[in-house]
Structure formats: structure tokens, C-alpha cells
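Below, each structure is written out as C-alpha cells.
Look at the two complexes coming up: chain A is in both, with chain B in one and chain C in the other.
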Partner chain A sequence: MAGRAALMSTPFTAMLQTLSRQRGVTAALVVSESDGIVIDSNMHIGQSGDKVAALAASLYKKARLSARAAGMGAVSFMQLEAPNGRLCAVGSGELVLVVVAATAVNVGLVRVDLLRAAVELAEIAKRGGAR
Partner chain B sequence: MNTTVVESWIEGPLRQFLDDAGVELALLLHPSGQVLAQHGFARSVDVMSACALAAGIHATSGELGRMVDDKPFRGLHHVGATRQIFVAEARSPRGAYIFLTVFGSESSIGLVRLYFDELVKGLTVAAPPEGPAPEPALAENFERDLNRNLAFLFGRA
Partner chain C sequence: MSEDVRRMSDELARDPSSRVFVPLGEALRQQGQLDVALKVTLRGLERHPHLADAHDLLARLSVDRGDMERAFDEWDMVLRLSPGHLGALKGMGFVCFHRARFAEAERYLAAAAALDARDDQVASALLHVRAAQTHATSPQAAIAESIANDSRYLFLEVLPDEAQTALLLDPAGLVLAGAYIDAEGRDVAQDVGAELSGVTEAARRATRHLAMGDWTSIVFETEVAVVAMAPSSQDGLLVLATSRATPLGLVRRLLARCAEKAQRWLDGQR
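Coming up: the complex of A and B.
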């Protein structure tokens, strides 16, 4: 894992570490939905967090707007399945929590952890920790 | 939206950037302020003003960077109420250019930065391998060259 956590701790550090401990998870990122910029991340060395963040935030935003336009309400959990992996995301206000994982990951567990983390994200944002 | 270029090799990478990043306006210009490509502008006078301002911003931020960090800042991002602006240097084998783009809520700074890097790579690949690099703009030729490029972009060549 990248050694960022050893250098500094943010309000998101514990949450990202919990998600990254799941078998098959290769990256966990907190991203600004409107800017597509990484706020904090926990990822394997060599992965491009900036690219994943920008594209995943854009995807999540479009999914959220599509769901609203279709009268489906708010997006609670988004999952993208690809031949070589999965991308899961949940949002809370301006923040999006993104997990990149292997195909064989236990999606149920990731989903539970992400939804739990989304509640935590909302509390952090309320306290002003995202600023 | 209209996209026009002065040099044809710029068109491919620029169109790719526009498709991917979803920006509203884009300009590629020489650091002297002479326009090389534009997207989304309706009037040549707007391009002329934007080029002059972008060249000024680039020169100013470059000097500030040299003062603060011993090297010029390479990019600038400014957030407005509804639109955002991103100005950065795009290096190619033909020399350094300035790229300016304006985007709204359809895009994001993360996407713009991501696809700007792709644009620079695209320009590097597409740049003609031979031929002299563009000559530096001289004061006596500046207005003539600027007007020629604007006329080319807006169909009055």
C-alpha cells in the first residue's frame, strides 16, 4: 500500500483503511463530485488515482442525475462491472467514495462497508472535516 | 459548436479533447498571443481578447512561479459562479503553446486536467516531424499574423 497514511492522517483515513482491508479491493478514494479531484485515497502503488477519481466522479454524477431524471430518487450504491474488475461508489453530499476491486471481490461486503462509510462521510462533512 | 484550426495537425487531438472533456470554449495559442485553434467562439474579437488575456495570465503566472518556486507555474484554474477556466502550457515538438479552456457543470477540473494531459500527448504525436518551428512573433509582424490567423479561423482568409 502507498505510504500516505503513515505520513498524515485525515478524517477519511480510518474509513479508507477499513475498505482497503477487504480482500480484492485495490483502491479506495474519497473524491469531490463536482471537481473530480482526489481528497484522500488508499491505493496500491502504481495506480493512477487522479484518472480513476476524475472519471468515477463524472460517472457517479451522471448516474445520480439520470436516476433523478427517471424519477428513481437518489442513488444509494453504484456498481460498474468490467472484465478485469469492479468499480463501486456511494455518494454523500459533495463527496463520492469510490472503491476499485478485483472481479472476485465479495460485492455484498463491499456494499455494506460503503453504505456504512457513506453515513460516516455525511457526519464528517457536517463537522466540516471535508474542508 | 464550431471548431477551427490554423494548422491542420492540431485538429485531431483538439477534437478528441473536446469530445472527451465536454468543455464549452477552448483556445490554443502561441505564448505571444497569436491564435492557433479555437472552439466555441462566435466572434473574432472575442478570440483576440481571450488570446491577449491568456498570454498575459500565462506570462504573469510564469513570473510568479519563478519568484516563488524558481520555476514557472504550469497551470491555472479559476472557479467562477457558473463557469471555470483552466489555462496551462502545452508543450509539443513545435514549441510551447498556451491552452485555455472554459467549462461548466457538465465537466470538472479533474476531467479537464486528465484530458489536457491526453491532448498534450496527442499534439506531440501529431506534430509534423519536419519543418521549422514557428518563428517568434516580432512586433512588426504581430498584428499582421494575428489578423491572418483570425481571418483563417473565421472564414475570411
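Coming up: the complex of A and C.
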């Protein structure tokens, strides 16, 4: 991992590190849902998060709005699958937490960690710590 | 295990390419062991994909399992492989009758009767079909026919549970087929589709950027539902919604069935 110790920590640092420690997780990011901008991230060396962050946030937003149109209530967890990996996401208010992972990742564990992190995200947002 | 089943199982174990899997599958089916019969039949078909009798057996197993869609497809295959196959003609007659497609049902059953005039089952079925046709102006028959031709009900046979629904969207999010009825009885399919426009493209770009290959599915959970999406041909999007209680494995299976149905329908539109 790129050396984070020397960098400033944010309210999201601990949760991103916890997620990134899961075997198979290659990146964890906190993204603004409305504009797709990365607020914080923890990525393996060589990964670029900006494009993926924007696309993941856009997908999550579409899921959320379609669920609202259908009267299904709030979206809790989203997963996109492809032959060589997956994207998982949870949202809370304006923020979306995105994880990029290999196919072999334990999705159940990632999901549990993400849902826990979503609660934390809500607390952070309440405290005004997103910006 | 009956003696016949044991003997045939032993023969199949000795020679996995043996065609004994067909009578074995039928014997297991007669004994009500549908899952085992299905497994035996599918394995046998891997080695003998053009064996008409095997497809006929698979069709009958599909009827037993309530999968009329699969039954239709298998009997259709049988008739391509063996145009005068009596079992398939009878089966197609049965499926078409079930779908209120009486004219087609009569055609198939008449062809079966021409092959075997002494078959009482076929004679009786023909009488029923002809009687149904003379009453085809009844409201129930008219409704059945109109449902069969209305794309909003495309996924009805594949999703028998009323808590399940599916939509087929074009790249712009416009609804091609399916319906979504909300808790107040309104069809909100167009609204849902509008919010999902661009999903296929965004998902494709995300997975290509990450060198993951082309995306295969997106699943998201809401308070009351699980929604699964998959790409469909011509950059469309297939969306399936089921109740929150539906196991994810079943969601995937239903999505695959809907995808097959959607593809056949799209092919028929060209």
C-alpha cells in the first residue's frame, strides 16, 4: 500500500484501512454521490481511483433513484460483478463508500464491513466531517 | 431403488456415454425423483446433444417441475431433430393449449393423431382443444390470448411469484417489455426505466477501466426488495425485482431465465 502514515488522516481513514485489509480488496474509496469526486481513498499502488469513483457513484445514484421511483425504500448495498473482479458500494446521505475487489474476495465479509461502515459514514456526515 | 434403476445406473456408471441414461431418467421420473432424473438427463445430453428422446425426456421433466417455457423449448428442439416425434407433437399440443394458443395446439395434436390414430389421449386432447376454440370468444380465452401477445406480460411465465417482476429496457431507459406495479397498483416501469438509463454504459466503462472484463450483473438491496440487473443485447438492460426474502442464488437463477426469455423475444422482434 502507498505509505499513508505520513499523510494526514481524515475521519474516513480508519474505516478505509479496515476495508482494505480484507483479502482480495484492492481499493476502498469515499466518494461524493453528486459529483463523483474522491473524498478519501486507500488504494494499491498503481491504481487510479478518479474515473472508477465517478462511475461507481453514478451507478449507486441510479440504483437509489430507481428504487425510490419503484417505492422500494433506501438502497443498502450494491454489487457489480465482472469476470475478473467486483465493485461493492454502500451509501449514506451524500457519501458513497466504494470497494474494488478481486473475484475471490469474501463478499459476505465485505458486505458486513461495508454496512457497518455506512453507519459510521452517517455519523461522520452528521458531525459535518465530510468536508 | 428398483432393480431396473439399479441395473441401468450400474450400466451408466460402467459406460458414461451409454444412452441408457434416457430410460434411467424416465424411470427416476416415474418414481418422482425429479432432481436426480434431471441431473442424469442433463449429463447425458452433454454427451448426446442431438438425441431427440433425451430432449423429449427433459421436456417432460420440465413440465413436472412447472417450467413450461423450458418444456416448449425442448420439444421444439425435438421436432427440429426428429420432425415426426410423437411425444414432442403431443407435448407441444399440451403446452400450446396451456397458453391458450388453440390453433397451434390443434395443429400439433392433429399431426400426432395422424401418426397414431389409436392414441386415445391424443383424440381426447383434440376434442378439448376444438371445444376450447369454439368458445374462444369467451372473456377468459380472450384475456389469455391478449396476455400472451402483450409485451408487458413477457416475464409472467418465468416469474410465477407475484412478488417478482422484470423489465427489459433499451439503452435510453425506455421500457421494451415487462411491467412494475407499485404498492398502489400503478405501473411505474417507465419511471424506473428513466432512472436506470445509462447504467449499461457506466457499468461497462467502470469494469473496463479496472480491467475486470465486461460486467455481468449488478445487484442491489433495498428495504423491501432485491434488484438484479444484467446487460441484454443491443446495449439494453434487464432488471429483475424480487422480495427481500428471496435467496441470492434464486435471484441469479431467475435473472438468467429472464435473460433467456428476453433474448428470444428480442430475436423474434427482428
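Structure notes:
In the analysis below, the second predicted complex is superposed on the first by the 129 of 131 C-alpha atoms of A that agree within 3 Å, B and C clash if a C-alpha of one lies under 4 Å from a C-alpha of the other, contacts with A are read in each partner's own complex, and residues count from 1 in each chain.
As a convention for this text, contacts are C-beta pairs under 8 Å (C-beta built on N, C-alpha and C of every residue); 3 or more make two chains touch, one makes a residue touch a chain.
Please read these numbers as outputs of a predicted model, since none were measured by experiment.
When both complexes are superposed on chain A, chain B and chain C sit side by side without a clash.
Of the two partner chains placed around the shared chain by superposition, chain C is the only one that A:G71 touches, whereas chain B remains out of contact.
In the overlay built on the shared chain, the residue A:L19 is in contact with neither chain B nor chain C. Set against each other, chain B and chain C differ in how many residues of chain A they touch, and the higher count belongs to C. When the shared chain is aligned, no partner comes close enough to touch A:V99: not chain B, not chain C. Once the two complexes are laid over each other on the shared chain, residue contacts for A:L121 go to neither chain B nor chain C.
In the superposition on chain A, A:E81 makes contact with chain C only, while chain B stays out of contact range.
In the overlay built on the shared chain, the residue A:K51 is in contact with chain B and with chain C. Within the superposed three-chain model, A:D35 lies in touch with chain B and out of touch with chain C [touch as defined at top].
Closest CA pair between chain B and chain C after superposition: 8 Å apart. Shared contact residues of chain A with chain B and chain C: 51, 55, 58.
Considering their complex, residues 31-32, 34-37, 50-51, 53-55, 57-58 of chain A touch chain B. On chain A, the positions that touch chain C within their shared complex are 51-52, 55-56, 58-59, 62-63, 65-87, 100. The part of chain C that touches chain A in the complex is made up of residues 180, 182-184, 188, 191-192, 194-196, 198-199, 202-203, 205-207, 209-225, 227, 239, 241.
By the touch criterion stated above, chain B contacts chain A in their complex at residues 105, 107-111, 113-114.
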